[in-house]
């Protein structure tokens, strides 16, 4: 049935083929047949596994995998190996060979609700109880899962995956190969109010849109507000985790990483390759330069120049934070030194006065 | 089709009319025809724009707008101007003239699911795949967008807008002119458990409701829990941003502002005109007085008297926080002074002992 | 109609019966008829109320309730009493007698969408606009409310309640007596990327599942990501509040409590009876021992041994935090002492030099 789940063909590759496809150095028999991937402690004897983080080396004892992806530091392990100095990248590529995202069969499910003037591309799949609003365009190969709500005049590009329960509101524009996880809301009103003479909040209508560029991935239950005027803009290749809040008129530059529960206030601009760890908050109307990295739970009230690592509440450069925090930890010792010094001075005073 | 989007008529006003409607002083030709609003860098030559925040003055160079809303400090600009010492309020009012919230045609969409004994007022619109539970009442002029879920015995007042994907659970009561954004859940169970003899958590059933008063706006993906008994209560005119958590039995007073990702624990009471900046957390069973303002990311464990500005983790009055933080920043200098003083005292001791 | 709300029979118990059922000592007439529960200020004359937290004692003045659940410290109150040294537990049990969770009539609503090969147990109720995917199994007595989305090959156990708007994605496994509140997403992709040679983020497909064990309750708008391989695992009896983020491959031990807006990063393992207060964040790949309690808003970057209470950003043991914070508060005094000491040393030096 169109819009139902498509069956997945089983897949296998030889270890030699995988080495070539993921760009790793092979150690061992290239003809070993690999039928899937698994974690070190769970992988079956016909599966590939990986050992990258030394913290998990102990699990090697019980490992039954046919072969391992490893970094050069594990080259000595007595198993067939795929060795790379970018082992996570090899893992990602190997996993992409075996793990298919859940797909629907092309076609519109009989219980989807597609307005007559929506423009649905070739090989699009639309699941049950999905709603496609009037004037909305869906590009070739995109999968709109069940229970998704697309408003009016939305544009979704090609080869996107929109997971169950996503809401994309009127006029928002999504690029190609974008993945949006369940429960995320794109295009809710920005939080804009003016106070009247009596301290009541008068709504500033939010007339802009959200624009999401190619190859962006957005986690579950995020909120990305539409701009007051113009656009809120997530640029190419950026990856956003769950429960992230992006306010109106924010721009997030290319290939940035926003970890879970981050919040970015209105009109703030992030550069390229920015990394915000979990639960970071950034004030409105500031600029965060390219490649800035901000530690978890930091609060940022000012603009930050490119290439800085900052941390803390309020956030300061890494080195400064460690100095300040070290000083705080040493306060007990300061107190003790101050006490001793006071005694010595009192002794000196007493001696002086006695003379 | 009922429940589908209504077409919007194009609108225009003369600059003189707008000056009167928004309460601004006009400088320039009152007959200029205005067809919409836009940001400084985007506004078209038949649109009104605004310059309020001096940080954006540079964008004036490329501005093509017909006229600007400005504060008196920009009175010298050589363009037709609407001048006001409440420019944001003028902007809000001007935008309300031109920007219409997305509306549905009155009527119930054929793919909505409305239980037989629901009570639907005049001029109500209900979108596709919306669910209206048994015994639920919807007031005149309210718009229930598609994919909304209203439980049983819910009351929604007049002229409300409930955006796609909202869930309002059994028995909750929503006032008039309330706006609720996508993905928000109203009336989920409060988080209440008692521990038994073995440290297991026994659920305290949550029998109360949520009451939302007139003119409240609630952002996307918020959660407002029902009371254990009685009600969780958001009072008139309060505006809530995205991803805000309001626990059972909380009361939020009139005309307050809760910025994104704020969390308020159970039974806490906020006064009127309270402002909580982003990611603030407030403990349970405390009282926050009228007009209290709490800085972003602060954690509040105690009650706070009216008219205080507090900040920090734990939150303290503004001035106290700056003193403490200043002292922390000066710790390096303290350390240095302490070191020098120690040397001097040692010198004095040595001299003394030599004598 | 199947899948519609079932009517609730009115209930009453004698005070003596309730005392026996909740395990409390009765003071007063055992034949008093109780028809429900209410808060101290709202309870009707035929209802039971409670006074447990001394902060609410003032409300006793207006109390019209027939009887009260109290702790032994309120034994002197001149009303019929149910006295217990576990009064919250008595309250929970008494409330369970009177307050029924909203239930649907058994059966599948005509507007639900159940794929042909889903396996629906006896006495299951499925509400309108719910979707049950192919290969999914629902155990006996479970209630799937309207607007729920269950993917393919999901397993939901017996006597569960899945509230409106929940999304449970392919392959996830839910135990018995699990309650999941509205808007929660279970089984979204973990946030896993490898960087390629150009700093672009390459997706590591997420092939694992989420497993939720018996008697877990999960709040509204939470996100629980599927494992990269293997499972993300919430163990028996754990209770999770709203807007909580649980990353891929996390394990949460039995009977733990996670308060609202907590975030736990990937592969972290929590023990049993752990308590995380609101807005806590925990880094990835760490272990939190049994019975650890972490104060609100703390940030935890390292593993924590069992039975510790920690607090702060970064989190440290309770006692250490109070010492550090006390020292910070005393910095003004340190500064003053240091200044005075400097003066004294200068005086001594001057005296010395004069001689």
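Each chain gets a letter, A, B and C, in the order it is written, and its residues are counted from 1.
Keep this in mind: a contact is a pair of C-beta atoms (placed from the backbone, for glycine too) under 8 Å apart; a residue touches a chain by one contact, two chains touch by 3 or more.
Keep in mind that this is a model prediction, so the values were computed, not measured.
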Required steps from subunit A to subunit C (each step between touching chains, minimum): 1
Same-site or different-site touching of subunit B by its copy subunit C, using the half cut: different
Subunit B and subunit C: spacing of chain centres that average the CA atoms, whole Å: 25
Overlap residues in subunit C, where contacts from two or more other chains coincide: 129, 147, 165, 183, 221, 243, 261, 279, 313, 328, 331, 334, 338, 341, 345, 348
Residue ranges of subunit A in contact with subunit B within the complex: 113, 115, 129, 131, 133-134, 147, 149, 151-152, 165, 167, 169-170, 183-185, 188-189, 191-197, 199-207, 221-223, 225, 228-230, 243, 245, 247, 261, 263, 265, 279, 281, 283, 285, 299, 301, 313-314, 323-324, 327-328, 330-331, 334, 337-338, 341, 344-345, 348, 351
Complex interface listing, subunit B residues touching subunit A: 4-5, 37-39, 41-43, 53, 55, 86, 88-93, 95-96, 98-102, 111, 128-129, 146-147, 163-165, 179, 181-183, 215, 217, 219-221, 237, 239, 241-243, 255, 257, 259-261, 273, 278-279, 296-297, 313, 325, 328-329, 331-332, 334-335, 338, 341-342, 345, 348-349, 352
